[in-house]
């Protein structure tokens, strides 16, 4: 029996790069958080502290800034460019992963006109991209996951939860009308990695599809909403091979007001009053796939996984 | 010499109440975080543990939910209703403060039409209201602070910083062109507390004024932007007596790329690359006032203060 | 009527300086988060963007690092040194405030012996110091607040809550035995500012006093615990003029298990089961004073205040 | 081609249960955050909203509290008990995972004696356990991962970084003396799941081994420290099959003071001054294994993974 090094990786996390295109008076802005990690033969650094193979994380950071000088493009394209560079930089590096968070900014309007160089941060929602390059050279495999996180949505009705089994510890009442709230995290894998995918356009389309399907689905279970959302994405976007979603059930419990002589029913007067709870919360996670698309486990390596 | 109890208060913090108006199929939603605190004669609770004067914080929470049943209205109105109730509830209670955070939700559009009961959280920005009632009965003084927090804005140009004194420790270069970014926290005090103020309309107007003035001010100092923003609010809204702002200077430093043979100037090609720093940050805080409006220190008691 | 600039200040927040004393092989470590703010005549920066009076926040940051080179000493001493420097640096600067957070590190033990240069972070608790200098020169007034934040404590018994008034909205049952948990934030003001106060020794003594008094007080109200803790500090430490505390009541509610045929009482078998709630929470705040010590409002300016 | 449901799971996250053993006057306290997730045939809930197979997350929460009534024991034992219960509860449930975070409390000392029922929270460090049960009945496979998170450690010397390759983007200087700081997250897998493992004793031993090895390793790379720490654990604890660690490199950069005429070298006078940076940070992740122990991928499913 011997003790050996197992799987490992390293890189630079959370490089906060902001790139401003000033080629016209109407500036544009890209605001990113970039993390890179490298795979390959780094055994000697672990066993004897020999760094001859260790492309320093400081260098990885510098590379992110230097590449941004040429313009960033979409998060997916920037990730592909960086991951291909890192994976091809030295013979002992066999792969690279670049994860990008992108924060949205909207133009400030002044007197009804959009301002050329003043912006307001759009919200807490984050667009994500995870690019994995396996191998080096122009033929290296590349995988692109697009995604979003913290898309917080809520329905005030159109949600039921009933028909569940009841064991000794079950006290929950069935309901035909509850508030349903969640913060959608979704990642979807593209079949293509280059000019065959309109990354910005598809991102916008998937996001709209997720929102519309959440809204228009009469929900019997949060699982049903999740599956309907994923199915709608795959139906509309053939370039998406699979989608994985994580959706916490952010409970809004009907407040019991009977002790003060008040009902709390949707009777059309006043308001129906709920308490928004922080913890605990349900957590529903699932993938929706095409049954004829081969899996690509490597594409998901390093993402917060559930399966 | 004796050891005595000094100023004190107590209450319930962060009651997360969501009130849904279902009086028509087109639901509306109010999402609040309510904190109350009471002033008065609570000495015996401190010195001998006698709770005869302690309106329990659990009761304060219940009251928030019960009052929400009748409908919430604006955050300012809900705060006034609650603060007047608490301040008038027992003879030994001499005042109350209710602080409300309000989170915005926007309707989800489905096929171009706004959905009746499905919503998306609008962002990280928070609307705030702080109501202080001093005394009890219909003649009790009431003060209303409206506000917002975490309104994150950025200019890609139109910001300079030069002409500052240079001492032994000064190394910063002067600049005629920098990125200016901040997260605006603002609170403004109304002269009125009732039907004389359109709380929702004024909030929207002040917010627009802050955004437009930030955008259109060519800034020689973040202090100048702050003052211009406050001044514009007071000029347009006579019902606002004073405004206090706190604006961190979220530094975006031009990245030095010269070591890799790259310039990083706004030459119209590619992008200008900045690093967004977390800490440290500048912090600019100031008030803008009308010189003929008497101060109301009590209105600001308990708000994160700077003066 | 005119619109004018009101109270204002500015500075650099959250300079994260770590100073290592390597004068012997047994290193020591000081880990600080320093924020400075200046008071004085900065009107022109606000009204016309003239920065001739604006000692840049970048310079303030540099000064923190440069002063640390000489050794830091206690947080209070470092704050005094910096605040006196800033307040005396230019004629138009009339005062300065320096707030310091200090993070504790403990030596790692190896084979029972403390290591010379390896440390483990002690916990989430923070030691704080806020120094205010008003005026310039050797005779300028200086005030020192010492403190701590996030000292989390809990009693599993020895806490009651009963005898409170019951109104329409009161549903809380009285209890003679509950869990009491809080996160103590305390700030105390010293009468002296120099060699007359042993800052490290007094800090340790006050902290021990707060812990011991929390533990040994049979509590009829969290207010009673707060007052007892403050009173004990003032009794034992004549150099402390006043103390202000903020103590959230972090509710641990007895879980109702009766639906599953279980009791949940302290009967000596198994465990008594509680649910730890995040929000809402009670919030108890109060000051304990000596009645013959003049107040010093300026010392508290800029601290999160409650009165 | 068809669109189908892929891997999925659901459960209740972050049940905050506090269990107090009052069987003697010297109380003990267990403070947990418990998350459960179930695997099995839940397809109908997704595709048609049929909840007949959905053991509600509310029931899972109730079960956690009910089981705590009997006493919790170690986090690993509590996880095993819950996971075996859930996995065996219905025929369609094929497995369960229970993740437990445990927060430490220390007794408050009063006058040198440990108090019977008053405690202080020990720090930010968290003990973790992840139990996976695959199958049902007494023969179901069970896997136990023990672990810790946020063990923050720092060395003021005894760390080098040199010998790394230099490409176009490399600017980092080599160093023979730097500050090394990290927050260790570690998870280790036991070969046993029952009375053959002393969960509390082994946890304490592994934690001590990690600390001692970090301290006593002269580090040429953070990778070397990581591997040495894992190797030491496997050498001392035969019941540990493998260990995975994630260690951010929390950079402490030597501050350049030369512009103010100051050096910043370890010359034995004053202090050496560093700036603690938040972002970006290096991120070093790796596993250390026995080469004769079969892998158990299912044990790691759902943990934040890197491989």
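Letters A, B, C and D mark the chains as written, and numbering starts fresh at 1 in each.
The rule we apply is simple: a contact is a pair of C-beta atoms (placed from the backbone, for glycine too) under 8 Å apart; a residue touches a chain by one contact, two chains touch by 3 or more.
These numbers were taken from a predicted model, which means no experiment stands behind them.
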item: Common touching chains of subunit D and subunit C; value: A, B
item: Farthest chain (mean CA position) relative to subunit B; value: D
item: Mean-CA-position distance for subunit D and subunit B (Å); value: 38
item: Length of the line joining the C-alpha centres of subunit A and subunit D, rounded to whole Å; value: 23
item: Per-residue overlap in subunit C, given as positions that touch at least 2 other chains; value: 16, 62, 66, 169, 171, 259-260, 278-279
item: Footprint of subunit D on subunit B - complex, ascending; value: 168-169, 171, 259-261, 278-279
item: Partner subunit A, residues of subunit D touching it in the complex; value: 1-16, 35, 37, 42, 45-59, 61-63, 66, 89-90, 160-167, 169-172, 219-221, 223-224, 226-227, 230-231, 234-235, 242, 244, 248-249, 279-292, 301-302, 304-307
item: Subunit A partner contacts - residues on subunit B that touch it in the complex; value: 16-23, 27, 29-31, 62, 65-66, 68-72, 105, 108-111, 115, 117-125, 151-158, 179, 211-212, 214-216, 252, 255, 257, 259-260, 262, 264, 266, 268-278
